[in-house]
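Below, each structure is written out as structure tokens.
Two complexes are shown next, each including chain A; its partner changes from chain B in the first to chain C in the second.
Then we have the complex of A and B:
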């Protein structure tokens, strides 16, 4: 129990308090402690990705073993992962390797941009279904969205002033309220974790 | 019209069209591109982590420490490496609890480091930006600043669920909903336009870089 639960909770407490306090101490020792902690977290985080990879391979190899009609796509995912990683790791010039750069620029970048641009079609149809002005508030949302969209295209330039006013005053007001709420949420949750009140991240037992 | 002779451009154009084929219906070409995207993205991340973290923060410092016979430097890299390796205990049913140690270090670090900046940027700076303004009744900007203050306070009332939204609190929260709805509308409009600009970018790529139809 000591090693399984008590000591990990103590580590969270000590490290949480230490990281909080170092922020207020502008001393070289405090700064080097922060830099050391940053490096430790980078190193520890790098190992966590192995768990993600294991999960990826587990899911896709299981699909391949089952030999269902979509298993060929799991082969595509695994081969592209291994290929890209090996070219990046073993290729000459490291990350500046021409093949690795080209694979990034001509496969990942266009796929990423196209995938997100695809959403412009679906977001429009979703809006058509969702934006029925059922009441005055829904109407306000609808009108604001239309004004902001029109104000961002050339023939809607006459709306620029109104768009700017919406973004600077009513929009900022609500965003600030939400940001303050998020800030309070982060502080409360962090304190609960540091003090050991919230411990679900340790799992069962 | 001058069609590109670069094979990489043809590959990018082919992948762009395979993704857009989903607009007709889900099909094997789309699924191929989708899985290729997932695999290539993860593979790219692994290569980046290998060079920018594993090499830079583990292998090179260990080599340097061994060459300089720097025992402290060696230990300072070895300890987090061992803690990181503890993640692999998740592969064992009986020893899975050991992974709690790297999780505990990560949680302690991130919770501690997030509190103070959060107080400063999410609370102090936002409150400061809302209330620190000189009020001049003759200036329109001052009235808008007052509107901003009303918006922030009423939005906070709306998100405050510890008291029942009735009476004064309920009426104030209702004003807050108006601000929230306008902000959501503005955010939605912005998101749509961001997606449309990506779409324009892809069409420009197809018509300019690939087919050479537009200059």
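Then we have the complex of A and C:
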């Protein structure tokens, strides 16, 4: 109980309050405390990569052991990860490692870009099938979207002024409202974590 | 006529996929060199970077993105780096807070530097360490920005090639983030806000942004307050920057974003047409159904 709950809650409370206070104190002691905390965060960040790798291997080896129909993809994922890591670590020329650079530039980059570009097909299809002016609000959204899209193409340069106005005024007003909401949410959640009200990061609860 | 609207209502989405594919491919094969109109956020960013030549302070270009958004963001990184190198502004290229960002920074670096050194004669080639430096990936996100703000060399003692930052001309005088003239964060995520929150608010370093068209809307709030010095939004922003490079400092290279804008123009026009047709079809069918009952 002490190590699983009380101690983590105490660490979060003390460090949370200390980091909040140090932000407003430009004293060398406060600065040195912050530098120490920064180092800790970077070290823990590096361990998160190790944790991610462990989770990756756990999920995919389990899929391979169960021999389900998609287990071949797990084999590909593990082989790719180990292969890239070995080529990167054992390669002689460091950054100029020919094989590593080419695998990255001619396999990873096109694969990732292709996956993302598929979105445009779905967006176009969804816009045609579902983007209908069913009520006044939907009509306003539709007209605004068409103006902004036209303003973003060469033939629509005559709409540039209107597009900038939409982006700078109505869009900014809405974005600012959302940002203030997010900011208040972050403060509320941080306080709940520091005070031990929100404990889901401990697991379970 | 009713048959046509019925046909549209029941149209198989694979025809739309085909049309989108053709709208992208045809303009790339047969470009129609669409004109580029420059907007204020891009001009502001270009002017700010240009003014760094007088201060002698380095420009930090951050490629905070993964390959998924590289078609839209790579042209921005290239245009900004090319501009700075043409004006002899020292550059720190940093892959940013994403692990994948380092690969992107390396690709962009390779592309521009090869192009610049190919263009110039032997005596005037750009040299690593004197004109630009490439930083490695450092895990820690916010802690990295704050660490750089307090002590740049302690947070990243070496560049990506293992040289000490104190030995390199570009970075030897950069003791903290405040010694950098401008940070340009190129990203399709919300990371530019993180640079703004810490690098600008806490350490007073101006930040400019290059972002995907989808994310651009989010940053207008920060442009209006002057927190971001300027912005390139989407492929159009990159094309505008390329246009400014060509018009104002006579950079004559293959304009990747401007070529891609032809495809974007065609797709945007196609989507607008199908959305309008889809809506007409929706109302005609609705009216027809109401008449029947």
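Simple rule for what comes next: the second predicted complex is superposed on the first by the 196 of 205 C-alpha atoms of A that agree within 3 Å, B and C clash if a C-alpha of one lies under 4 Å from a C-alpha of the other, contacts with A are read in each partner's own complex, and residues count from 1 in each chain.
Everything below uses one rule, namely that a contact is a pair of C-beta atoms (placed from the backbone, for glycine too) under 8 Å apart; a residue touches a chain by one contact, two chains touch by 3 or more.
What you see is a predicted model, and the numbers here were worked out from it, not measured in a lab.
Shared-chain residue A:18: touches chain B; no touch with chain C.
Of the two partner chains, chain B is the only one touched by A:79; chain C is not. By the document's definition of touching, both partners, chain B and chain C, reach A:176.
Residue contacts after overlaying the shared chain place A:124 against chain B and chain C alike.
In the superposition on chain A, A:71 contacts neither chain B nor chain C. Once the two complexes are overlaid on the shared chain, A:51 sits against chain B while remaining clear of chain C.
Touch criterion met: A:31 reaches chain C, while chain B stays clear of it.
Ranked by how many residues of chain A each touches, chain B and chain C are led by B. In the superposition on chain A, A:61 makes contact with neither chain B nor chain C. With the contact threshold set out at the top, residues 37, 39, 41-42, 45-46, 48-49, 94-95, 104-105, 108-113, 115-117, 120-121, 123-124, 127, 142, 145-146, 149, 152-153, 167-168, 171-172, 175-176, 179 of chain A are in contact with chain B in one structure and with chain C in the other. Contact residues of chain A toward chain C in the complex are 31, 34-35, 37-39, 41-42, 45-46, 48-49, 94-95, 101, 104-105, 108-113, 115-117, 120-121, 123-125, 127-129, 131-133, 142, 145-146, 149-150, 152-155, 157, 160, 164, 167-168, 171-172, 175-176, 179. The part of chain C that touches chain A in the complex is made up of residues 11, 13, 16-17, 20-21, 24, 34-37, 39-40, 66-71, 99, 103, 106-107, 134, 138-144, 146-147, 150-151, 155, 160-162, 213, 216-218, 220-221, 223-224, 234, 236, 261, 264-265, 267-272, 274-279, 282.
Listing the residues of chain A that touch chain B in their complex gives 3-5, 8-9, 11-20, 23-24, 36-37, 39-51, 53-54, 56, 70, 73-74, 76-89, 94-95, 100, 102-121, 123-124, 127, 137-138, 140-149, 152-153, 165-184, 186-187, 189-191, 193-194, 201-203, 205. If you check the complex, the residues on chain B that touch chain A are 8-9, 11-13, 15-16, 19-20, 22-23, 31-54, 57-58, 76-77, 79-81, 83-85, 87-88, 90-91, 97, 100-119, 121-123, 126-127, 129-130, 144, 147-156, 158-159, 176-193, 195-196, 198-199, 201-202, 205.
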